[in-house]
């Protein structure tokens, strides 16, 4: 069935985000020495694509990279070098990049394992950030997530993507415009721009969910059906998925703001402070939506209780009035030979009178009980 | 339908306060470089109005400002200059003000984006406070919010409003009275007066909600209808909206009280401490109302359960007594040729006796079960 | 109706304690400059009464004060001067006291505004404590509260009361006994004694509530009625009111214990530590009672569900057995000319057999389903 | 009734543990000066019994003390003197002990007031610990508690008990065995041993409750009755009582471990750390049991809902099938003179056909709706 | 019955993990002096097996140990000595090991008591870690746990197991491969490897539970039965068991990361940081699953409410339509001599008309009420 399909998709996603599902695909990995590279996650693109932008205030070079060696020369240049890697299944490429840019083996392992919790780690020569890019699939009412890893060292930023999305197209466009601030600043500003783009993207996802929630909210008050409750249940799962992706960002951003990292300039911190505000807003909105979803269901169930009560009253009134009356007319439907009342001249009308008298009495009784 | 309209209004408001809705209006903005000014929010007034009051202990000037250049001269005077801007859609005015008073671009951006979370930020030359002014619209049972931004630097305070309310009329009146304390003090006291006015306003909103809650509380015990549960649901949403506006104020006020800002004098802190008390009271009241609302619904649903039980008892007693009896009289209503009982002289009266005997037995049984 | 009256009384009280209700009575006050004295609250006594006790280890004077000037001379004496003010509506008296004892205007304002949250504040020459005295009104099942303000400076303690209660009679008695410790100590010990008396009073209120709760707990298991659920709802509101009054006391007492105030001697802190223990006990008890109240309702509702299930079983069994049988006897009550069974010699007894057979089968079926 | 008796017993116990009940017995005490000794609690033994053990590594004396003066001489000896006082109603004995061992009056007051919250306090010459000994009374399904106070100073430990239990018999036995560690160590180890014995005792109580919970858990899935829900409610109350006794122990033990007390040697702290682990285990178990109890009830109520649904389906199917049919046969049971169908040759069989056709249609309908 | 068996198994496990059950087996132990060795737990293997691996970068020796004395010589060698003890019932072996490796008596006691909460303790010469190895038994839908204790000192690691599992086989294999990092590093890395293996194992358990949860989630939306709710209840218990095992690990790992231990090298901390990430992921996943389980049940119960409402509507409509009609036809089934309608020519058809008129009216009424 379709509905339950949607459900499992969401639970799958939860499992993936929580980093649980990775095991089934690497059960052989349990107990393996750390440091063994292994792609944990689905292969989502056919071929790994590597793009490179190298820029400073005056110059700009964009290259579609074929072999990693091409990057070598840009690494040591004073310009900002931004390498985007789309597709993680080709381990040899990741390994080469690791070698060229001296990335710590544990970082490489984390990049390949797409079941990471968002985190920020400092290593000797570079900083490592993992984020989740989220997509709301309206069709299946579920959240898809993609892991984005950012490694930055002196003069270079490398971003690793699972799929070939154009999430960072806007950043590339800004770089292409030589008048914008991004061209005048160092790698830390580029990292900020990437981080900000990912976080800004969450607002769109939340808005989609918010619209669905609003629609449901109105429907639940009119003619709700079973599916609507299931959609709400799906929404709640989506909120869980987003929360798992956003909550750790607070820790990350506080870490960036409070610790002093040589790679991040004082003046860029003001921009990261802006990201912190956005993260707070997202978390606020999430909590609000979760509460609103719960309230909607609660209100609906209360309304259901009231309706049930009314239905039962109607039933009980009908039954309590007509069952005794039917019993009485049943008595005079009996075929006994000797039933004196049947012979009476006014028997029929007497009984009719008794019956309507009873009816009126019962209506009065129910009115007193405020059932009518 | 009307009711669901009210609902969506509230959810809209939640989305707006949480800063979510802004995206739909600026989807093109995602990924834009920070620093690009853009009004995010509805245009709520036709024309931007700018008022200026310039005062010290002895003198007072009130001007309706037409061009920003008029402000220039007051900026550098030793008097307190308070500029009120009503209407945010005219970006050029905001930009000019930014230039004249040297306001940081990120601040200007935040002023124009009405989906801000209340916050307090220190910049090199000025302090920036964003607050929410709340209005309870009894008609639609929803909270409307307006963003108020206050920028203060040496000798000047600028307040930005979305609509042309007269919320600050009382402050203006106090300034006009040359004997009052406000005339003797610096910009920090004016900021306090504005902040205090906004916070005091919340009490009125809460009182309106409290009255609605009280009414509902009594009704729920007597003859509740579906709408009342929906009104409670609406109230809960209002509480969420208010909480989102008030909660961050704690952080702001603690920040003001604990950090040392050159613009805020030690002696004014005593007054800000007063605001802190008010914020605590508002939060207390909010929690209390939320609890009271939940309790009211719970109590109501429990009462509903009891009533349901009683209704079912009546139904069951009626059915259990009359269905067997109707069955018995049905037997003797059959038209079989050979039914010996029908011929008996006392058959009818025997059966009547059996029936009433059964009736009494069942009444006794239900009494034993404490159903009667 | 009576019940809903009780409800609103409690919500009123909540609003008052939370400091919300004050607004309706002073809506004109919003935006007024701080420092304007105004009595916010009901006038609860006809005439303000002022009592004064002046004592040291050897001497004791008790005076009913008529004019504030009488107090002047005692203020500067080295003895402990305790002034009790009953009734707050006469603002001129409060103002005079403020002048004589140099009380900060913000304190005077807070004393007159009876919607204060309990708090403790240090000013240059005096300490200011606001407390709530609570009374359980068994009649209306609600908590009444009275605000008690204590101002203490070098050599004097002034307590402000809304009503002319004799809450502090026991303290007066102790002062009258020249052998007791209170006569040998300074104002800090008197403040302790007053504070302790207020807190000890809460135990009595809690005990009343506890007894009501116990009664309800037993009744809910036997023959509960709608009113009992409403009383529990009332109790819960009382718990909220008390919590709002007691919770801030923790902060106050920790403040007294941890900060160093010149007015409070080291040796008196041991006694304040005792108050802290009492506050902990009260909070513990409150939480416990709230939990117990919730548990009682939950247990009751569960029991109701079980009963409902049993009732429905009885109904269903009765209906499922007798409706088919009534249908069968209905068939043979039809008046068709040609109904061969009616003519059969043993038709009647065959049908009776069939009917009782069916009955037995259904009883067996229900037994299998464990419904019987 | 028996069940409600059990309930009130538990609530009584809660009140006592929370220190609330004490007031009813000492209402005259409110406002009394602190320092007036007064036994608050029931007299649980007839006569106060005082035992004394005085030991060091080599010697051991056990004495049943008659007059407090006997203790005087041991107090100043270098040996460890452990005095056990069973029964608190004889205030003069407590007072004498207080004088001989120089115990602070506030401590004496707390010892006599059996409504204490467990606490640990340092005084100039001694440390004071209050604990609760718990007993599960399976008969009334309630927890009984006894307050145990331990006062320790240089060279002596005094333990105060409400009843003459042999809780500490095992400690006495260990002391009697000269080879054990306890004989070689100072008073701090004795305090540890007493504390540990009390805490270990909780495990037994928890185990009893756990067994009852397990039994209930299985029963609730089979044939639950009202009493079982009440027993669960009782269990929950017991958990509350235990939590109130155990929770403050964390604070106590952390206090002992983190502060430095001259009376407690560094090497003994290792043993107190062991107690901390036990307290954590008890709190863990409590939470787990509470959750398990809630889950059991929830699962049971869900099962009840499913059953209710099934019952209602049966009822509805029976009624919906047989009520129209009974109506139809009722039509042909009417005695109108002119009813053409009655005269038809195949009227009876036609109607029978119609009836069974309807029956089959309705069965198909219910199957489609998945009710059958 | 089978189901309730499963339930008790889980509760048993909870009790065991919480360290409660140990008491029943050692009730005689209460009050015993600490330091008396006693195996608390079931004997799960027949014979204690001891394996030893002694290695450095160049050499490797694996020995099945018969007598503890064999270990003596390796203890003082500079190589890493890893001793695995399977089976804890043979106290003498544990005691000997304790003597040879100078393990603190309190540690030995904790190793033997399998009701430990996971913990980490530092002693003079060694570190002590207790962990829980978890196994999901799909058959009984319960979690089995095994306590694993790790003692490490300079040059040696001893791991104690309750059963002869091959959990650590993968670690042994890595040690056998002389090229791997583990051979080049000290005991701290071995401890990390063991710790990591245990934690990684939790992912597998969680995945099993997650799959069961997913299955249930789909079923609950289609044709749920009582058992499914019970399985969910079982799952919840499993989550509790796992949480109790995982939660304390946070404390342990933070302790290792934040304190400085001479036995743990700076460079190994990076690996322990990896474990911390895994623990966070597991806790995240646990919370997510618990929420998902609750949501699933809530959604299901809401759906049940909707269905119930629909069922009741059908019943009420059927009853309310047919009961009055049956009453009417009953009237004309009475056998009174004088019933004028019966004689009317069109009486029968009139009544039929009245009946169908009523029917149509009622259908219209129910449509208006939106019941049809």
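Order as written gives the chain letters A, B, C, D and E; numbering starts at 1 within each chain.
The definition used in the following text is that a contact is a pair of C-beta atoms (placed from the backbone, for glycine too) under 8 Å apart; a residue touches a chain by one contact, two chains touch by 3 or more.
Keep in mind that this is a model prediction, so the values were computed, not measured.
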item: Chain-contact steps, minimal, separating chain D from chain A; value: 2
item: Chains contacting each of chain A and chain C, listed by label; value: B
item: Distance from the mean Cα position of chain D to that of chain B, given in whole angstrom; value: 42
item: CA centroid of chain A to CA centroid of chain E, Å; value: 26
item: Inter-chain centre distance, chain B versus chain E - centres from mean C-alpha coordinates, in Å; value: 42
item: Residues within chain B bordering two or more other chains; value: 307-308, 312, 315, 319, 323, 326, 330, 333-335, 339
item: Touch-based graph of the chains, sorted into line, ring, star, complete or other; value: ring
item: Parts of chain C lying in touch with chain B, wherever the complex brings them together; value: 1, 3-4, 7-8, 11-12, 14-15, 18-24, 27, 30-35, 106, 115, 117, 119, 121, 223-226, 229-230, 232-233, 236-237, 240, 244, 297, 300-301, 304, 307-308, 311-312, 314-315, 318-319, 322-323, 325-326, 329-330, 332-335, 339, 341-348, 351-352, 355
item: Chain B residues touching chain C - in the complex, by the definition given at the top; value: 169-171, 173-174, 180-182, 193, 196-197, 200-201, 203-204, 206-207, 210, 213-214, 217-218, 221-222, 270-271, 273-274, 277, 280-281, 284-285, 288, 291-292, 295-296, 298-299, 302-303, 305-309, 312-313, 315-316, 319-320, 323-324, 326-327, 330-331, 333-339, 370-371
